[in-house]
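Here's the structure, in structure tokens; my notes come after.
The letters A, B, C and D name the chains in turn, as written, and every chain counts its residues from 1.
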Amino acid sequence: MNFELLAQLTIAGIVLGSFYALLGVSFGLVYQTSKIFHLANAIPFAAGGYGAVWSAEVLHLPLFVALAFGLLMAVVFGLLILFLGYFPVMRRNGALLSLFLVSLGITVAFPNLLQIVFGTENIPLRTYNSEGELSSAFDNRVFSSGFLTITLIDVLKIIVSWVLIIAVVVFVKRTRSGRSITALRTNPTMATAVGIDRKRVYILVFALGSFLAGVAGLFVTAEFVASPVMALQWTIVGFIAVFFGGIGSLVGTAFGGLVLGLLSSLSSLYLPVNYSPIVVFASLFIILLIRPQGLFGKASV
Amino acid sequence: MEINKLGKRAAALAIALSLTGLAACSSSSDTTSEESAAETSAAETASEAASEDTATEAGGTCINEIFGPGGEAAGEGVTLNGGMLLAMTGAGSFFGDVMSKGAQLAADQIREAGGMDYQITIADHNNGDVPTALTEVKRMISQDDIRVLQTSYGAPSEAIAPLIAEAPVLTLNGGGSSPGQLSKDFLWQNRMVFAEDPAAGALAWIHQQYPDAKTLALIGTQENGVGVFQETAPNAWAKLTGGEVVVAEQHNVGDTDFKGIASKIKSAGADAILSVSFGDDLGYQVKAVREAGIEVPFMGIEFTGQAASIAGSTYDTFNFATDFYNTENPNPWNQCFVEAYQAKYGEDPEYYGSNYYEQVFIFWDLVKRVIAAGGDPTDPTQLQDALIADPNFKSVYGGSDTVVGEVTLDTNDHSISKPMGVFSVSNGTPVLEQEIRKVSPADDPNSALVQ
Amino acid sequence: MGYYAQIAINILILMSLAVSLNLLLGYAGRVSMAQAVLFGIGAFTAARLVLPKADASSAVAASGINYGLGWHWLPATVVAIGVTFVAALIISLPAIRLIKGEYLILLTLAFQLGGEQILSVWEGFTGGPFGVAGIPPLKIGDTSFSTLRESGTILYAGLMLVITIIVILISWGLGESPFGRLLKTIRGNETLLPSLGKNPIRPELLTFGITAAIAGGIGAFFAYSQGAMVPGNFSLDLSILVISVVVLGGTGNIAGTIVGAIILGGLEPILRQVLGDEGIPWQRVIYGAALVLMMIIRPAGLIPEGALTRIRKPKVAKSFDQNLNGAQGIQFGDFTNKRSSSPEENLSEVLVIEDIKKSFGGLSAVGGASFSLRKGQITALIGPNGAGKTTIFNMITGTLSCDSGSIKLRGRELTGMPTYEIERLGIARSFQDVRLNESMTVLDNVAVAVPNQPGEKIFNLILHPLKSRKAEKSVNQIALDCLAVLGVAQTAHELVRNLSYGDQKLVAIARLLATDCDVLLLDEPTSGVDPGSVNLVIEGVSKLRDLGKTVCLVEHSVHFVERLADHAIFLDQGVVIAEGTVAELVSSAELTELYFGN
Amino acid sequence: MTIDTQRNGLVVQNLYAGYGKRDVIFDVNINVLPGEIVGVVGHNGAGKSTLLKSIFRSMPIARGNINFGQLDLTKKTSPYVVAQGISFTPAELPIFRDLTVQENLELGAFSIKKRATYWERLHEVTEIFPVLGERLKETAGRFSGGQQRQLSIGMALMTNPKLMMLDEPSLGISPSVVQKTFQVIRDLAKERDSSVLIVEQNVKAMTQIADRIYVLRNGEVVLEETREEALSRDDWWDLF
């Protein structure tokens, strides 16, 4: 056993897993409440990245304002999908599969719209410095200790993801609005009875979910670039984390994401890296067979 | 320029938004964005119009200087229908974009120089989807009556090989090589073919620069890796250093997370890295490797601005060995090309843009030869015969400030030889370090370094 | 022409995949995300088999990937179908047993994504990312269906049309057969089928397998038509596209799927033509937007299920009503599997229940009930809410196990038997809600209950199509007769969703009759029925008695029980408190207090 | 009957409602006067729950009018109805099992935005049902049936409703608890001058507290009478 490699892969796994957890909670919020296979979660992801890049370059916004603008765009686009896509179909009693198709349509159209509007090239996040020049907004620093290294963005990924996940969990658990989400999910009849507006809860979860997706998009943009297809490979990760960890619980989803990341990373201890998706999906397959409620889910579903 | 472009995009975004009904809510914001749209697009048109003139002049004159006068012998009055099979949407859309720009510029220049009328039809193969590629090529053959084709990507180009041989359609591939495309009738490569071609030279250069390096790590996709992984690299490396390959990892095209591979390389303590991946993947790799604290030389076989933008400053520690296209090359045709390209598109041409630009000139050359021989210049068979008879063509690669470069196609396996070099990157711009050449596996890898 | 033929081939392949998936998604109500990888397994299997044998002397043999076993395409196709069928069974066995709804989606999704990756790393089989090329074209006699040439492409389009028609016929034949009727009945109603004496697992597994086998077969023809392919062709995108076709067209009907395939398969080439080179990214935008719009405008699909069902006037056996008066009953002929002849046949107590108990988590629901059902009589179970009436029904029919006690049908112990076995011995039940498939016709809803139908076995449908068709006629006649007994035969060819609730209740009772069971348990036959129709339901139930059935019903409206029941059993907290005629029971002050509270 | 619309009486006129195209209740006319306790009894499936849900506007209605005081609820939605001071307690799973007692009560007060009011009410409710006060932090799902029922009524009280609608509050609890619960409901209603509309199968328990009773049979109102009349009735079976 190579312990150095084990340790480094564990770090990589935690970074990846934290990111998965973030995406899982983002998707899970929406999915648990609405049961929509919200493939279009990719849109707020990309909207976040492009919002930041665009506002920094065109509106000359400083870094943190640009990031905030990106998050705003993520939420705006997430809600647009809800209002223009899902609500009309729900009003007509469309089945979940119809909603899935709406989601799919949006997911097909959006990256191409981005390509038309912003061009095909990768756009790095750049801000205007004090001399009025456009320069890279974010220089990734590397921290190392002996064999092990971790970058600033990786550290931020871990911290921000878990802070946000905890914030969301606490919000859902402790606040009045947050509890309306749990209420609607666990007992829709009673939720109606106490005066919870279903539509409002949907708006809330889509806003929250899109916000988290936007954060994920910002990470990718800050670390690498914004590109039209930046989100597509990540959307499925959200689904899987949710089912891996357990449908009923956000905490389960978050840990599911973490385990998924660790599994994916640590599998390269023994196997070539391109086998890690096989390991991930095979373990998902097995978990679904043994524990259909997910790794951390409650027994009754 | 950059601001203008993004401003225009902002306007387009606003329009897209109002389409979806958002902007309808606030009419005031709508008008402002429209105004700014009007302003920026006016500015844009003005600058475009101004540059268009210079382009025409520069293009028209310099092309005639290099390729001779226009007129009937140069194909005036001949219409050649050409197709392009590219990635126009999705992950590879950047490549499709620059490839089509290169070809379009060439068509314009040739027309202005009094040459053939080259008509382009573009097809999207949807990032290498084989069924789409086959359908689209059939469409171009039967609907657009294409006689020549510019294809891209390995798998679709390989898949259409029987189709173009049957039609026939004289086809050039300038990006995306694979062993399966070799020696196929009517299918020719004008991109240096295999990852293994520059590999020996690249490794020899590493050995020369870092004589202590004994262990090597290999990264690649399954597409490009096989030959290098199994044969070229281990053999050449052993001959050069007596050392061995300690890591050999393949990944999927489009992967972005290379932390695992980087950790393995670090753990194995490799003294040098050779990657035969392409496109954006390479940018992600370099960044991951450097951020894992690995300081050893990293050698790739491609350079694109796209990958550089991903890797950011870490790309300055990157070397690559390839038939790199260099905008600075003083070769008169190249300078004529670069100027015209900048004038038309407002940006420097990319490596792939140049390959597809050259291809159209190869077609033109063949048309002229067939006309001279009294044949039908739109017959793909006659065009290919002309190519086989003399596989030498002018090139934007190589040459000098007075002489236009030249490339030769291999009439046996339909590959190409282009001048290759090992480059380093400085502030995001490649710098030639060492010219190299392709050598056979049996030869001493050191002979790949051009003295 | 060649291009249009190629487009036609593409659409036909998509159509075949979607039509077969519709069997699973539309008819059985199970979403599978793994259709693309199954399609790919078929394609690569066939390709490997038909590719020429490696020739050692060949110069390019070194690249070594485009070689196979050199088989003829026909056996290769058969093997491809078989391999895919087996692969599908491997995933579906656990999937269907353990996992429903969203879990099945995810399980198949995991299979798809994992499978995709395996295909792309398994170079020996798929050739890795470059895939295989040089797959020889299909040949019939001397005619080569090479899609390299225009003529060959047109020929292949013709061949593909024939294959698609075959796939449509198979899917339509299965979907509209008694087998498909079973599937539609399972959808959203897993508990119903066992109560009609049919095991739902096998048809579901078979459907999974057949859908996959068709995908595998089409995969083979895809391979021959392409000549080259890569693992990337069988990605999740394709699975999603196929599902989209089904959902867009409207699940559960083949016409919709055909239209869906033409639209989704044809939209891109049309947009391509209209928009030209400049509009390539716009194509996808418009395509996606169109999908969204179509779902907003028609969320149930372009042709919703049942929309095309023709409303015909049924040929009701006029003479039947008269026959009924002679209490002759319905002639089931061969269509019964009821093992009713036993030595105790003449017992007046058909079903004897002794001291059955059931508790849930410590709470006693049924605390030792004993009673019996008398032959040819209507027995009512009455009692306040929570008296355990429905629980007792569930225990009799085996949906709930008994903690203790015995249930004997004509002396035969039933406890521990699965529901469908119990039904085959002659006990059928209805449910409080009607549990009809609203998108099927009334006749189909009833016909599904007729036992022993040869057409429910795929084996018979394939090997004895005529016999199956003939049998189907008799089955329909039986169903029609059952409807006639309940007086709703005139609605036979209408969709259930167009019926009033009262009529739906009658149809549900007719379905019970069609099981040919002689002990019928009715759970609240009049609940939710509008006042105008209640009498019809009461009449209908009493006709069951006229036909000699032994009936037990749970009914809350004592008002109606009084008019129906010969005998009533008063239950409270799962214990029999009293028995007697309804009049006797309601006159008891003690029972009144129990019922209305104290 | 004339109704004083200045006060918050509930008036339901010619109501038809059901699921999809299928109506379950037909031409129902009922009213609840301010401060009055009204019971709706009937056999299972008679449409009692449907009636409550349509008044609460949590299911669509086909025809008819629903007025509460001067407010027309016919075209409104549940959150609006709650905001007007009408509470609804469903028959089954009337609590959030996974949440604690306190969280349940907080959700019961969902429509109350003022924090101070919430604390005040919490205090009141725990006084009425001391067991809830003692076990505020416990998960509600662990409670006995009777305690869960108390919690559900406590949740309804959190809004200090002008009209409480209870669907089968006796379901799943023992007779003695039923009696106690009903007594609490009656006392509260009288004390606060609020109205109560209860749906029950348990006729006797009903007659203990209701001022007036409607009998629903197969979706139709077959009888309306006062408590006194109901108490003297011995032919209940006829009405069921």
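One rule holds for everything that comes next: a residue touches a chain if its C-beta (ideal position, glycine included) is under 8 Å from a C-beta of that chain, and two chains touch if they have at least 3 such contacts.
Since the structure is predicted, the reported quantities are computational estimates derived from the model, not experimental observations.
When the interfaces A-B and C-D are ranked by C-beta pairs in contact, the top one is A-B. The greatest centre-to-centre distance from chain A, using averaged C-alpha positions, is reached by D. The most central chain, judged by C-alpha centres against the centre of all protein C-alpha atoms, is A.
Chain A and chain C have Cα centroids lying 37 Å from one another. The centroid of the Cα atoms in chain C and the matching centroid in chain D are 41 Å apart.
Chain geometry summary: the mean Cα position of chain B and that of chain D are 74 Å apart. Under the contact definition stated at the top, the residues of chain C that touch 2 or more other chains are 117, 121, 281, 283-284.
The set of chain B residues that touch two or more partner chains comprises 89, 93, 222, 252. Multi-chain contact residues, meaning those touching two or more other chains, occur in chain A at positions 111-113, 115-116, 274, 277.
Under the contact rule stated at the top, the pairs of chains that touch are A-B, A-C, A-D, B-C, C-D. Within the complex formed with chain C, the residues of chain B that make contact are 88-89, 93, 120-122, 124, 128-131, 134-135, 138-139, 141-143, 154-155, 158-159, 161-163, 166, 178-180, 183, 221-223, 226, 252-253. Put simply, chain C touches chain B in their complex at residues 1-3, 6-7, 10, 60, 63, 65-66, 117, 120-121, 123, 128-131, 133-134, 147-150, 153, 222, 226-230, 232-233, 269, 272, 277, 280-281, 283-284. Looking at the complex, you find that chain A touches chain B at residues 2, 4-5, 8-9, 12, 15-16, 54, 57-58, 76, 80, 84, 111-113, 115-124, 134, 136, 139-140, 142, 144, 147, 149, 151, 220, 224-225, 227-229, 233, 265, 268, 272-274, 276-277. Chain contact summary for the complex, chain D toward chain C: residues 21-24, 26, 43-47, 168, 170-172, 175, 178, 201-206, 217-220, 234, 236-240. By the touch criterion stated above, chain C contacts chain D in their complex at residues 384-386, 432, 497, 500-501, 524, 526-531, 534, 556-559, 562, 586, 592-593, 595-598.
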